[in-house]
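The data blocks that follow each hold one structure.
Two complexes, one shared chain (chain A), two partners (chain B, chain C).
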Partner chain A sequence: MTWGLREVSVTRGRKQAIADVTVPVDPARITVLIGGDGAGKSTCLEVLAGLLEPCSGTVFRPPKELIGYVPATAGFYADLTVQENLDFSASAYRLSGREYTAKAAELLEKTGLGPARRRLGGQLSGGMQRKLAVGMALLHTPGLLILDEPTTGVDPLSRAELWRLISGAAAAGTAVAASTTYVNEAARAAWVVLLEAGKAAANASPAQILKDVPGALGTATGSARPTPLSWRRGASWRVWAPDGRLPDGTQPVRPDFEDAVVTATLASERGR
Partner chain B sequence: MIAKEFRELRRDRRTVAMLIVLPVVLLVVFGYAANFKVSSIPVVVTGPGASQAATLLREPTFHVIEVNPAAGESVARARLRDGQAVVAVVTGGHGPLVLMDGSQLFSVETAESALGRIASANAVASPRVEILYNPDLTTSWVMVPGLAGLILVFIGTLITSLGVVRERQAGTLEQLAVMPLRAWDVIAGKIAPYFIMAAVDLTIIVAIGMSVFHVPFAGNPAIFCLGAALFLLVTLGMGVLVSTLSQNQGQAIQLAFMLVLPQVLLSGLIFPVASMAAGVRWISYVLPLTYFIEISKGVMLKAVPISDLWQPIGLLALLAVVVLGLAVFRFRRDLAPGGRKQHAAAMREEEPAAS
Partner chain C sequence: MDALAEARQATRRFGQITAVDAVSLSVRRGEILGLLGANGAGKTTLIRLLLGLLSPSRGVIRLFGEPVTIATRRRVGYVPQTLGLYAGLTVTENWNFTAAAFRTRRGGPLPGSIAAWRKDVVGDLPLGVQRQVAFAVALSHQPELLVLDEPTSGTGPLASARLWEGIREATDAGAGALVTTHNMEEAEQCDRLVIMADGKVVAEGTADEITAGRTVTGILARDWSGAFALLDAGGVAVELHGTVLRTGAPPALVAQLLSGAGIDATVETIPASLEEAFAAIVAAPDEVTALAAPATGQSPR
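Then we have the complex of A and B:
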């Protein structure tokens, strides 16, 4: 790995937030951390950004000048205009006037924030605010871009635009580490770290995670839950049989990435 | 609803402490500090009849600190100017001359009545009295220099703390921590605008005091500026310190209020420090406003030179170093990488691996 965490553990108070988690983050690739609330996604990213030191493990990170970070909260100044927010980011990273002008124009065009450059950050829509925050983090062309749930609470169209922006940065060589709660976003990443209760339930490429689904998966109908290891998918049930023996009345089904994430999470829960 | 409010209140310990502790503290402090009556006035007596005059001043209000028959009126005036004495009795010539420091309103009023009592008890004519620095004993002349300081406390402590806490609440403090900025850069950047705003405010207050209330500015403006700058650094440092101890703006306001209130009551702005009970008086000696009032009144009304103000200026400088140092130390914990340090950390920052 170029950047990332190797077997990192963090304790918050008496609670272990993450335990022996490895997160590889490489240039020109997107690593996505996925998991439920409290799974440890933000903790991993805070350690990677240098906001938090771990109890144990190794952190690989570039100097601050090469890190771009968008926290799960705002990531921009509500009382500054779009242009003023970019100005501040440029001055913090000591960008030269020419470099800044070109990069700001490019980002305003890519984010679609050009017409809103004189609007206050606080007056933008949720999607535009996140685009502004990502734009600020990309302004200095970071080597490592860290995004804590950049698309949470954002409408589907803005989510797509945000990911286009993030993918563009990765395509240009930036190493991206992003957290999300959306499975379809993780499916498009080069590498996925699935976190469950502070531990990595899966740590591989989406294709590998899909390939590694243990046991058998089936689909069933009816109002009652077929087995404890089943979950709703639309109008039917998904049934997972770790031992490969599906119950009667269950039709075998080829798992997709969402199924793979759920089974890996269930397998991790069962292992605890 | 009532149960919910109590549950919320129980978890907001600072508010509970403020509700219970503050009234008690205020009552005790007010009880001991709220005293306009001056019980001890420092007096110097000079001139050939100094010893005789000193014996006449056996009134308990007067505390004769120096009897100097060899000295004259100039020494007496110097003692008043440098604040060692509030009343000076100059003997010789055409009868005794009593000089009083008009910047000490309550002391002068008490001294005048005590002098009257001495004159009638000894069946002598009342001496000539000259009130220096504030001849008409105008209250605004004494209040404006102090109020200027009080306004600086509000801007420095309250407004600054809110500015920093707002950043924390918005989540942008984390972003600043990741940016290539030093903790000191961030603090300097946060306090510089407030420093300038407070300096502008101070100029306006002094200008209004001089033009509307005819408060004199007798001394050297550079000394005043030096004292104000040091005082502002202390109050701004207090603001940053408050912000590091507060998670939200409500907590910051509460804490800042707890720091501002004692300065209003115990700095000598309202009640003379000399009238306070000894148990409370020491608090006023650790409050920056006490020293700023001494400097501002000294420079504006009495034209005190810097050589006589080194003590309050030095103490303000010391407070500035201590408070700003603490603020930077605490702020660094929030900002610097590893600020929220884990125990037994084994992390190391590395250059890219050759993978």
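Then we have the complex of A and C:
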């Protein structure tokens, strides 16, 4: 790996926030950290960004001026206009006038924020605020872009625009580490780290995670939960048999990525 | 009476703005209806109309076949995105407060799903647990209709599956549910979907019906980053899936742009995901035209 975490642990107070987590982040690749609230996603990203010291493990990151970081909340100034936010970011990164003008124009066009240039950050919609924050982090063409839940709560159209912006950075060579709670965003990544209670429950490409589902998966109907390792999928149930022996009345199904993520989380939960 | 909640040609205006425009829909007993739309599509206004928090400028709203009153509203369980819990109170205190508000028996036992946190202050709990608590509290008075705004936002995949188990349990027992969501996996959990744009219903049906016949263009190129940069700069909205590109632009246009730039690629037509179908449905017709703009020499939007 070029950038990332190797076997990093962080203890916050008496609580272990993450334990032996490895997160590979490579140029022109998107690594996605997926997991629920409190799984350790933000801790991993804060360590990668250099905002938090790990208790153990190794962190690989470029010099600070080559990092772009967007925290889960804000990442822009609510009392400044869109243009002022970009200006501020440019001066913080000491961009030259010409470099800045070209890049800012490109970002305003790509984010669709051009017409909102004179509006205050705090008055933008949630989706536009996230686009502004990501745009500010991309202004200095970082080698490593770190995004903490850039799309949570954002509507599907703005989410697609945000991912286009992020993918564009990756296509231009930036290494991207982003966290999400949406399974379909993880399915699109080059590498996925599934976090559950501070541990990596899966750490591979989406295709590999899909291949690694142990045992058998089936589907069943009815309102009663078929086995303890079952969960709802639409009107029917998914039934997971780690030993490969599905109970009677279940039809085997080929797992999709969502199933793979749920089985890996269940397996990790059982191992605790 | 099959329709638990019903809007018939319901319109709501705010000054010059028509937030909900002649919308008809119904939530039936035993079903989960998903309501999708971009921000500003009119979902929240529609829900406020159905809950009787707003009255329609035109058209009819019915709850359980009657005009909305305090009595009909009492038969609804509502979980807003902000959860509607008192963050400074414990789980038990929240539970008892709601019971008192709905005049159900005070101090009934907490359901097993949240009993473990009964003494915890709600604001100190992880979001996934807070969502479980809000959901259990909303179900405490055995509502016949559940209205859930982004029920699993911010929770992990397994926690989401567990919340959905609770929603299904309620609808299996005969309740109906209206769920708004931005999450397409969550939308696929629903029995039926209604898509809104600009205050109107623009599509309706099961997830399979909505995606049926819709396709996108898949692009497999060794130089995927070059292909992405070229199409992106050409105004073609491209998505990156690993190293495969997907776009709603027609394959002929994509192939032409790529070969024009000397990029070797396999371009094929593939079935659209629900998210892609949604984007195509809510996009304005002129935006679809704009995608073809580079070929005709007009500048893209």
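Definition applied: the second predicted complex is superposed on the first by the 272 of 272 C-alpha atoms of A that agree within 3 Å, B and C clash if a C-alpha of one lies under 4 Å from a C-alpha of the other, contacts with A are read in each partner's own complex, and residues count from 1 in each chain.
Going forward, a contact is a pair of C-beta atoms (placed from the backbone, for glycine too) under 8 Å apart; a residue touches a chain by one contact, two chains touch by 3 or more.
All of these numbers come straight from a predicted model, not from anything done at the bench.
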Fit-or-clash call for chain B and chain C when the two complexes are aligned on chain A: fit
Partner contacting more residues of chain A (chain B vs chain C): C
First (chain B), second (chain C), both or neither touched by A:Ile67: first
Which superposed partner A:Asp37 touches (first chain B, second chain C, both, neither): second
Partner chain in contact with A:Trp163 - chain B first, chain C second, else both or neither: second
Which of chain B and chain C A:Val262 touches, first, second, both or neither: second
Which of chain B and chain C A:Gly57 touches, first, second, both or neither: first
Touching partner for A:Ser223 - first (chain B), second (chain C), both, neither: second
Chain C, chain A and chain B - angle at the middle CA centre, rounded to the nearest 10 degrees: 100
Chain B versus chain C - smallest C-alpha distance in the overlay, whole Å: 6
Those residues of chain A which chain B touches in one complex and chain C touches in the other: none
Chain A residues within the chain C interface of the complex: 28, 30, 34-39, 125-127, 152-160, 163-164, 167-168, 170-173, 181-184, 187-190, 196, 205-207, 223, 225, 231-235, 258, 261-262, 265-266, 269
Touch list for chain B against partner chain A, complex: 170-172, 174-181, 337-350, 352-353, 355
List of chain C residues in touch with chain A within their complex: 36-40, 81, 126-128, 150, 153-159, 161-162, 164-165, 168-169, 172, 182-185, 188-191, 224-226, 228-229, 232, 237-243, 273, 275, 278-279, 282
Parts of chain A lying in touch with chain B, wherever the complex brings them together: 1-3, 8, 10-11, 26, 46-47, 49-65, 67, 69-78, 92-94, 146
